[in-house]
Every structure is written in C-alpha cells, then in structure tokens.
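What follows is a group of structures, each given as structure tokens.
First chain A sits with chain B, and in the next complex the same chain sits with chain C.
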Partner chain A sequence: MGVEQILFYVFGAILVFAAGMVITVRNPVFAALFLVLAFFTSAALWILLEAEFLAITLVLVYVGAVMVLFLFVVMMLDINLAPLQEGFTRYLPVGIVVAGIIVAEIYFAVNAEHFGLQAVAEPVRHAADYSNTRELGRVIYTAYAYPFEIASAILLVAIVAAIALTLRAKRQSKYIQPEKQVIVRRKDRVRIVKMPPEREEPGTS
Partner chain B sequence: MANSQVPNFFLALPEMWLLLAGCLVLVIDAFGRGKDRNTAYLLSQLTLAVAAVITVAMATDIRIFAFNDSYVSDMMGTVLKTFIYLVTAVVFIYSRDYLRERGLYQGEFFVLALFAVLGMMIMVSAHSFLTIYLGLELLSLSLYAMVALKRDDSDATEAAMKYFVLGALASGMLLYGMSIIYGVTGTLDVGQVAQRLASASEANNLVLAFAVVFVIVGLAFKLGAVPFHMWIPDVYHGAPTPVTLFVGTAPKIAAFAMIMRLLVEGLGDLHAHWRDILIVLSVLSMGIGNIVAIAQTNLKRMLAYSTISHVGFLLLGILSGTENGYASSMFYTLVYAVMGAGGFGMILMLSRSGFEADKIEDFKGLNDRSPWYAFMMLILMFSMAGVPPTLGFYAKLSVIQSLVDVGLVWLAVLAVVFSIIGAFYYLRMVKLMYFDKPVETAPLRANLDLRAVISVNALSVLALGLYPSALMNLCIVALTQP
Partner chain C sequence: MDSLLAIWSSVPESAQLITLTVAKILAIVIPLSLSVAYLTFAERKVIGYVQVRIGPNRVGPRGWLQPIADAVKLMFKEIILPSSSNKFLFVLAPILCLGPALAAWAVVPFMDGVVLTDIDAGLLYILAISSMGVYGIIIAGWASNSKYAFLGALRSAAQMVSYEIAMGFALVGVLLAAGSLNLTQIVTAQQGWVWNWFWFPLLPLFFIYFIAGVAETNRAPFDVAEGESEIVAGFHVEYAGMTFAVFFLAEYANMILVAVLTAIMFLGGWYAPWSGLLPESALAIPGLGWLLSDGPHWLLAKISFLLFLFLWFRATFPRYRYDQIMRLGWKVFIPITIVWLLVVGGMVIAEVPPWFA
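This part shows the complex of A and B:
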C-alpha cells in the first residue's frame, strides 16, 4: 500500500465520519462545522486526483465564503431544531434498513470488478509543471462554452428568485426622514380647539 | 486542437434570444417602477412570439449539432419548442387577471417564466447529459421560485418547500445515474453514449442496469409518475393557480423531450432494462392517479391526480420502443399540454378576487350561469376522459395502438380499464355543471382576451379531434427524421 492509498483511506474515513456527523449532531453550529470538515477532506481527495484548481476553489469558495455565511445565518436565526429532530429515532430503524440495502446494491454494481484497474485503465499521471487551471480554463471556454453559459443563467435565476421572494416593497419599520423632520412647524402637528367645558365646576351648582 | 474552434453559435439563436430578452424584461421592469406591470407582460409575449418565429425559420430537415455536439437542432426540437412558446403565451393570457387581483402581477412572474422556458428549450435541444441536467435545473429553479411567489401564503410556501426538497433529491438521483453511465462509457455526449453502449461488453450490463434505475427514478420524480408522485397534488394545490397552470403544462413537453434524449437516444440499447421499469411505473400511475382522483373535492387536486394518470399513458408510448410509440407519446404530451391549459384556464376564468373557484362544487350549475363556457368545459373534460370525437380520444387510441403493435395486449387492456375508471370523475364534472343547481350565481366577468383564448383552446381540442392526422403527422415527421 503506497502513501497515496493510505492518504486516500485516511481522508475517505474522515469524510464519511464528518458527513455522518453533519446529519446526526444536535447543535446546528457543530453540523455546519462538520460540513466544513467534509468539504476540506473532499478537497484533499481532489488534490490526490490531481484536480488542484477545483480543490482550492472548494476550500476558498465553500469553506471560506459559503460556510461562513451559513454559520452566520445559523447563529442569527436561532432555529429550534428539537421539533425537526423529533422523528429521528422513530425513523432510524427503517432508515438504516433502507440505506443498508441501497449500500449493498451499490456495492454489487459499483465495485472493483467493474471499475477496478482491469476494467478501466489507470489515468495518465501528469508532470509537476502540468497546469490543471489552464486545462480547465481551455475546455470551459471552448468545448463547454454552452453549459458554462447555462450555468450563468442558473445563477441569474437564483438571484432573481432570492430577491423576488425576500424583497418587501413596503418597509415594515417606522423611521424618521430627517429632511421632513426639520421643516416641521407647530401648526403641522398641533391643532388648538376651543370647546366649552364638559363638566360644571364643582361647587357652583 | 479540434475543440478550440469557435462553436456554431448561430444555431442556438432561439436560446440566445430568450436569454437576452429575459434579461431585458428584468431590467426594464426593475427600472420602470409603476403600478402597472403591463410592459413586462407585453414584452414577455413579444419575446415568445419572436422566439417562435426564429425557431420556425431555422427549422431544418437534417439534424445539426453545435457546441461540441452538446446542442442539437432537429425537427422534434422545433415542434416541441414551438408548442412550449404557444402554451406559455396562453398561460400568460390566462394568468393576467388572477395575478392582478391578488397583487402577484409582478415582473418577476414573467421573468421567471421566461427563464423556465429557456430551461425547457435547453432540455429539448440538449444532446449531452450535462446540458440536459443544466436545462432541468434552470427550469426547476425557476419553478420553485414561482410556486413560492405568493410568499405570505402558508400553503404556497409549503408546496414550494416540498417541491424544492423532492426536486433536489430527484436531481441527485439523476446525477448519480448519469455519473455511473459516464464511468462505464467515458463520455457525456448522448450520441457517443449510444455508440459505446452498442459495443459495450456483457460484464457492464449489471452496472448499466443499475445506472438506468437511478436515471429513471430521477425522471419519474420530475414527471410525477407513481410511486414518485407525492409532490404533485400538494404543489398543484398549494401554488397560485396560474403557476399550477404553468407547472402542469409546458414542463411536461420538456420532460418528454428529456426522456427521448436520455432513454431513447442515449440508452436505447438498454431498452430491455428500462422497458420493464416503465411498465411498472405506468401501470401504477394510471391506477393510483385515476382511482385517487375520484376522492378529490378540490379541482386542482383532481387535475393533479389526472396529470399523474396521463403521465402513465405518456410512458406507455415510450416503453413500446417503436417509432410509432414515440410519435404517439409525443402526440399525447402535446395534447395533454393543450387540454391541461384549458382545464386550469377554466378555474382561472371562474375565479375572482377572494374566490379561487378551485372546488369542484364551484362548477355546479355552470350551464345556468354561462351555457357557452359550460360547453367549453364539457369539451375539455370529454377530451381528458378520452371520449370521441375529441383530441384526447385519438391520443389515447394511438398510444394503445402502439402497445398492441408490440404485443403488449394485456397492458393495452389495462390502460383501457383505467381510462374507464378515470372517465367517472371527468363525467361527474359534466353532471355537476349541467344537472345541479348553481351555488354561485355571480355572472362571469373575465376579460375578453381570456374568454376568446379559452374558447379557441377548447374548440381546437374539438376541431383537431375531428381532424387529428395533421398533428399526428407532424409528430411522426418530427421523430422519423434521419
């Protein structure tokens, strides 16, 4: 077993453990942190596959930006997860049985017999000066120009949808407009009304 | 380098036009802040009309590929895209009053719908697993947002949430299946996948069957075939009616295209594998769809279950695995989109501010209130039930014909039995309209354009039913193209 294989199994084990913890821990902040760990280890696996650019993007974009935002949201919203996790132990046995069957089926189909070195040739190893970034850039702007443009349209729709679903036309809070505040005169706010006394003075009757 | 040449952008002109026009509508609507949203509406209709002109003008007799074979321009694509524009334009006309009365008449509705149309066009013309998936995501993302557009309504948000979670799960399944196929064949291109499968070794059969299962689960989720149908009634019921109308019509056409590209063109060699799965899905869909629809009191829910049963029928044509079967399935999809638009359009026509008209009782005694529109609804219901001489009858007939041709007589008989069960709840609507006393007595007060289009919609179902060969020939020509 080479160093690479040992590394793969170590990172693989951490990834599976972290992914499992994401859905089982009670505290949502811990879940988010385990997700960070899962992203980090999968980035390490991608580096083993010589996909450095993707690995670094994963760390920078997901770990660095998305997950930090996610943590902010989780902390600010203060979601009470107790009702969400109520059914967890009740559905756990069924879930384990179903998941077990699917894992077994996947194992029978996707195993070394069909995807091992006998079935699929080992990928070519590239020299140290091989630029993963340049290769990706070249195919994205040529062979994959069309899917790349569609992806940008999907992001645009995501922005439109997010704004359409959250932007409120009227402001909910009352606030003071200073320019109107300074030109206010007494007569705008106070109206003095002359009126006869409602009640007789005590002692006059 | 073979792949560094400039791609043939011109071929994707309809898609590029729609993307550009969608962005323009977005910007114009955002800056033209007024009470009136008619600009967005009119520009959206114009966009669809121009797209239709471009698509038809660019129609070719031969299949042309672009963007490294990830885009294909063919007759099937042209026909399906034209119908998508048509149905979407009709949806816009039907929706206008409803949206205006409920404060939903926003530019976002039209922009999201246009982007959904773009997603459908991409799916229809996709010739690579990657583009199919991206088109599907563009469509789904727009639809999730549209369902949730009435954001203060708890039913709508719940529906959107269910749709989103189940849709994401289905996408995951589909992607997993695609990734296994990529693992076996080493390509994402539909044509090359088909070539490599033809020469694939026996040893890979198990893996491929496994991948096909995941792909079909993903497709069935998106189509709403039983047992992956749970989201359909809730989404149809919870979403604002115009969105239900949109979700229930045009995307079915795109879903048909997706099945054709993925299963028939790409995985055609595995027909023996996917045929049996589709048989199970279609029998369950027809059965559960038709039987559960009987118990519904909400018309939107009833039409949702009716959709499920129609999806079962649609799958019947595809599983027969012949050119005729595919053509009849395409015919069925187009007919369903037209009928569905009419059915939901009637709900929109009867509704007014504060009154949804989505209960079955709301149609009681429609004949007393408006004999003409009761007759229109009668045509639509007869067509959905498959009563001759309406279009729905020929759609069902041609699908069953294609089943008999390949010797699946038992399945054909089962389809007929389920149609007869289904006829019950369509005819119950007719009974309510003609033989019951009206609960609502307010006169109909829909706009002229809505009334005119809904009449044309229903009458076309009748007229095309009297002369179905025109549309049928179009489908056959589209699918037998070299």
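This part shows the complex of A and C:
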C-alpha cells in the first residue's frame, strides 16, 4: 500500500467521522465546526485527485467565508435543544425506513458495476509540472465560456437580489437634524406660568 | 563526511523526503519565531522612541534580552481555564490562530528557486490559508463563555471577512499584471529596478492590500477586536500564560506574512532597487558587490521597512470607530479595487512598458 493510499484512507476516515458528527452532535456550534473539518478533509482528498485548484477554492470559499458567517449566526442563536429532540423515538422507524431506501438507491446507482475500473478507465497520473489550474482555466474560458458566463450572471443577480431584499427604503430609526436642534429657542419648549399659591404654607406668616 | 553520505543514501527514499522537508520547514519556522520575538521588542522600542521615551532597556545589554525574558515568564505562568468555558476549544483556539500563519510560509519564495513548495496556485493557497486564521479568534471568543470575548470575536470575524474581499481583489490585480498565480513568477515578472516593480501601475491596489493587511491582522488603527478601552481585551480576555502568548505569536507572524507578501507582489521581492542598472564591475567588488546585487537580503530589507510601517501606524493613528471600519472596507476599498482592475486590464492589453511589454 503506497503513501497515497494510506493518505486516502486516513482522510476518508476523518471525512466520514466528521460528516457523521455533523448530524449527531448536540451542540450546533460543534456541528458547524465538524462541517468545517469535513470541508477541509474533502479538499485534501481533491488534492490527492490532482484537482488542487478546486481544493483551494473549496477551502477559500466554504471554509474561509461561508462557514465563518454560518458559525457567526449559530453562535448567536439560543436554541433550547430539549423540544427539538421530543418525539425522536416516535419517528425513528419512519426515519430508518427512509434512510434505508436512500442508502439502497445510492448503492444501486453508484457501485463498482457503474464506476469500477471495468466501466471507467483509471485516470492518468500527470507529471509534476502538470498544472490543474491552467487546464481548468483553459477549459472554462474556451469550451465552456457561455455556461461559465451564465453562471456568473446568475450569481450577480443573486447578489443584487440579496442586497435588494435587505435594503430598507425608509429609515426606521429616529434621527436628529442638527440644524433644527440649533435654532430651537427656550420659548419654543418651555412655557413659564405664574400663579398665586393655592394656600398659605404653615409657619410662613 | 563520506560515511554520513553513506548512511543518508541507505535511508529509504520516502524517509529521505520526509527528513528533508521537515528540515526545510524548521529552517523557515525557527528564524520566523525568532523574528516574531524580536518584532515585539522592536515594536516596544519604536513606539517608545515615537513617544519620546526609551522603551525596554533593563534586561540584557540595551534591553536585547527582553523578548527572551517575556517568553520565559509567559511559559511559567499558570494557564487558567475558566470554569464554564469549553475546555477543548479553549485550548484549540490559539493553535488554530497560529497554524495558518505558519502554514502560509510554505509557498513564500526567498530567492529564485529557494522555496519550500513551488506550487502553481500559490497566491490562491495564501488567500485560502490566511482566511482560516479567523477561526482561531471566533472559537476563542465563543469557548471563553464571556461577553467581552464574544463581542471581540464577532467584531473580528465581521472585519476579517469584509477586508478579505478587498484583499482578494487586490490579489486579482497582481494576478492580471503578472499573468501567473505562482509567487516566484510574480517576482520574476517585476525583474529590474524600482520603476519595473508593480507598486506604481498597481498603486491603489498596493495601498489597499497593505491597509487591508493591517485590518486582517487586527492591528491598530483597526484593532477593535481587542479594543482595550471598550471591551477590555476582546477575544483573548480570558487567556493567560502560554495560551495568551500564542495569540500574540500568531498576530506578529501574520504581520510578517503580510509584509513579505506585499514585498513579493508589489515591491519586487528579492530584486535590488537598482537591479540591472549597475555595471558588472560594481557587482564584482567583494562584499559590497553582494550587497548591491539581488538577493534575499533585499527581501529582508523590504520586509523590515513594511514592518516598521505597521509599528509606525500603531504609534500614530487613533483607533477607527467600528462602523467607519466597515464603511472603509465595503464602500471605499472594494469599489476602488474593482475600478482599478479594469485599468490594469486595459494596461495589460495596451502592453504599457516597462511593466506589461
């Protein structure tokens, strides 16, 4: 067993462990952190597949930006876990059946018959000077230029939509106009009333 | 010597590779740690002189042993774990802070060919790894189970994510100008004297990258994550002893990293300011010739100057208000970088000499 295979199994084991912990751990912050670990480990697996550009982008986008914001939100939530776990045993049989069906479906779709070495040729190992980044750039900007442009336009629309959704047309908070504050005089605010006393204070006369 | 070589060649090839790599890593990390220690000393001295006082001058000759004394003191202090904190994450956080700051050095070239791993996507790797540093701070703030620490962590996370965008756009400008993501090729694209370096055609990106670097490392005037006067010490308020020291190591290691990247991408890396201008006979003078020719010493000089700027900023500027930091990052830096990307693209197409010819 070569070094590469050992690395694959180590990373694979960590990935499966982290992915399992994401859905079983109780604390949502821990779940988010295990998701980060899962992303990071799958990036390592992609590097083993000579896809270093995708691996680095995965770390950059998901680990570096998306999960930070996610963690940000999860940390500020005050979730009471007890009501969420009510009825766990009641729905367990249904859950097991659904999970079993999904596993069976995945098994029939993705197995050695369709993805084994008989069906798909072993990928060619490239020399050390092979640059996945360069190859990817070449393909994206030539053969797949239009799909790439369309995807970027959709992303741009999504960004604009997100901003438009959170944009408030009118300011809700009260704010002060300094020029109005400056021109205020005492007589605008205070009315001095002179009136005789209602009754004599005892001891003054 | 021959017997040593014989022992070396008898070791299996994979073990040789691992030994060599570990040796190279140590050759980078040990000088880096020493630089970090003496950068703290330099900071206290520089700020001292800026404020017309002497700074530390008691431990050793002229205070030169001060960082050693500090390190020894911090190592022997008790590490206090707050009773209701999350112990595991509390200890993990400083390590997560320091790890990325050191890992990014794997792709930094010191000279043509003198680099730990010469990967093609070096610039992307730097961006990805440095974006991981924020986890240490967020986890520290959350695991401490303290409101001040949590506020500091939230501020820091929002600030770092915001400035990363401007930083990324500045790097895209460098990528456009150099035509490569490989750091060695970025430096060789700037071959020549001062005028050939990228600082002038990418001037706005240069300033934005460096300022964003100051913000990324949570240094003054962007140090609201610590904000001593508002949230006592921010995310590391609960830390003591060595765990506290590791946060500082990470901060200073990140400062050196930002300085070295600025030097590589905008200030011509290891090229001397008069590279290619002096006659061969001047470079042949023993001693002086080496000093005048290109080499890692020029990279070190540029890093030192940029680090001095970090210290100078801290001594000069008052702290930004938090909403002003966000405004600067989103409404000033990002639009400027996008506009300048178009300008750089135009310059590259027009092949403006001497940079893009």
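As a convention for this text, the second predicted complex is superposed on the first by the 155 of 205 C-alpha atoms of A that agree within 3 Å, B and C clash if a C-alpha of one lies under 4 Å from a C-alpha of the other, contacts with A are read in each partner's own complex, and residues count from 1 in each chain.
Simple rule for what comes next: a contact is a pair of C-beta atoms (placed from the backbone, for glycine too) under 8 Å apart; a residue touches a chain by one contact, two chains touch by 3 or more.
Fair warning: this is a prediction, and the values are worked out from it, not measured in the lab.
Of the two partner chains placed by superposition, only chain C is touched by A:V63; chain B is not. When the two complexes are overlaid on their common chain A, residue A:A151 makes contact with chain B while staying clear of chain C. Contact comparison for chain A: of chain B and chain C, B touches the greater number of residues. Judged by the touch definition given at the top, the superposed model places A:V3 against chain C, while chain B stays out of reach. Once the two complexes are overlaid on the shared chain, A:R138 sits against chain B while remaining clear of chain C.
By the touch criterion given at the top, residues 1, 3-5, 7, 12, 19, 23, 26, 66-68, 70-71, 106, 108, 111-112, 115, 118, 122, 128, 130-131, 134-135, 137-138, 141-142, 144-145, 148-149, 151, 180, 183-184, 203-204, 206-207, 209-210 of chain B touch chain A in their complex.
Contact residues of chain A toward chain C in the complex are 3, 29, 33, 36, 52-53, 56-57, 59-60, 63-65, 68-69, 71-72, 75-76, 131-134. For chain C in complex with chain A, the residues that touch the partner chain are 14, 89, 119-121, 124-125, 127-129, 131-132, 134-135, 138-139, 142, 150, 154, 157-158, 160-161, 164, 181. Contacts from chain A toward chain B in the complex involve residues 105-106, 108-110, 113-115, 119-120, 138-139, 142-147, 149-151, 153-154, 156-158, 160-161, 163-165.
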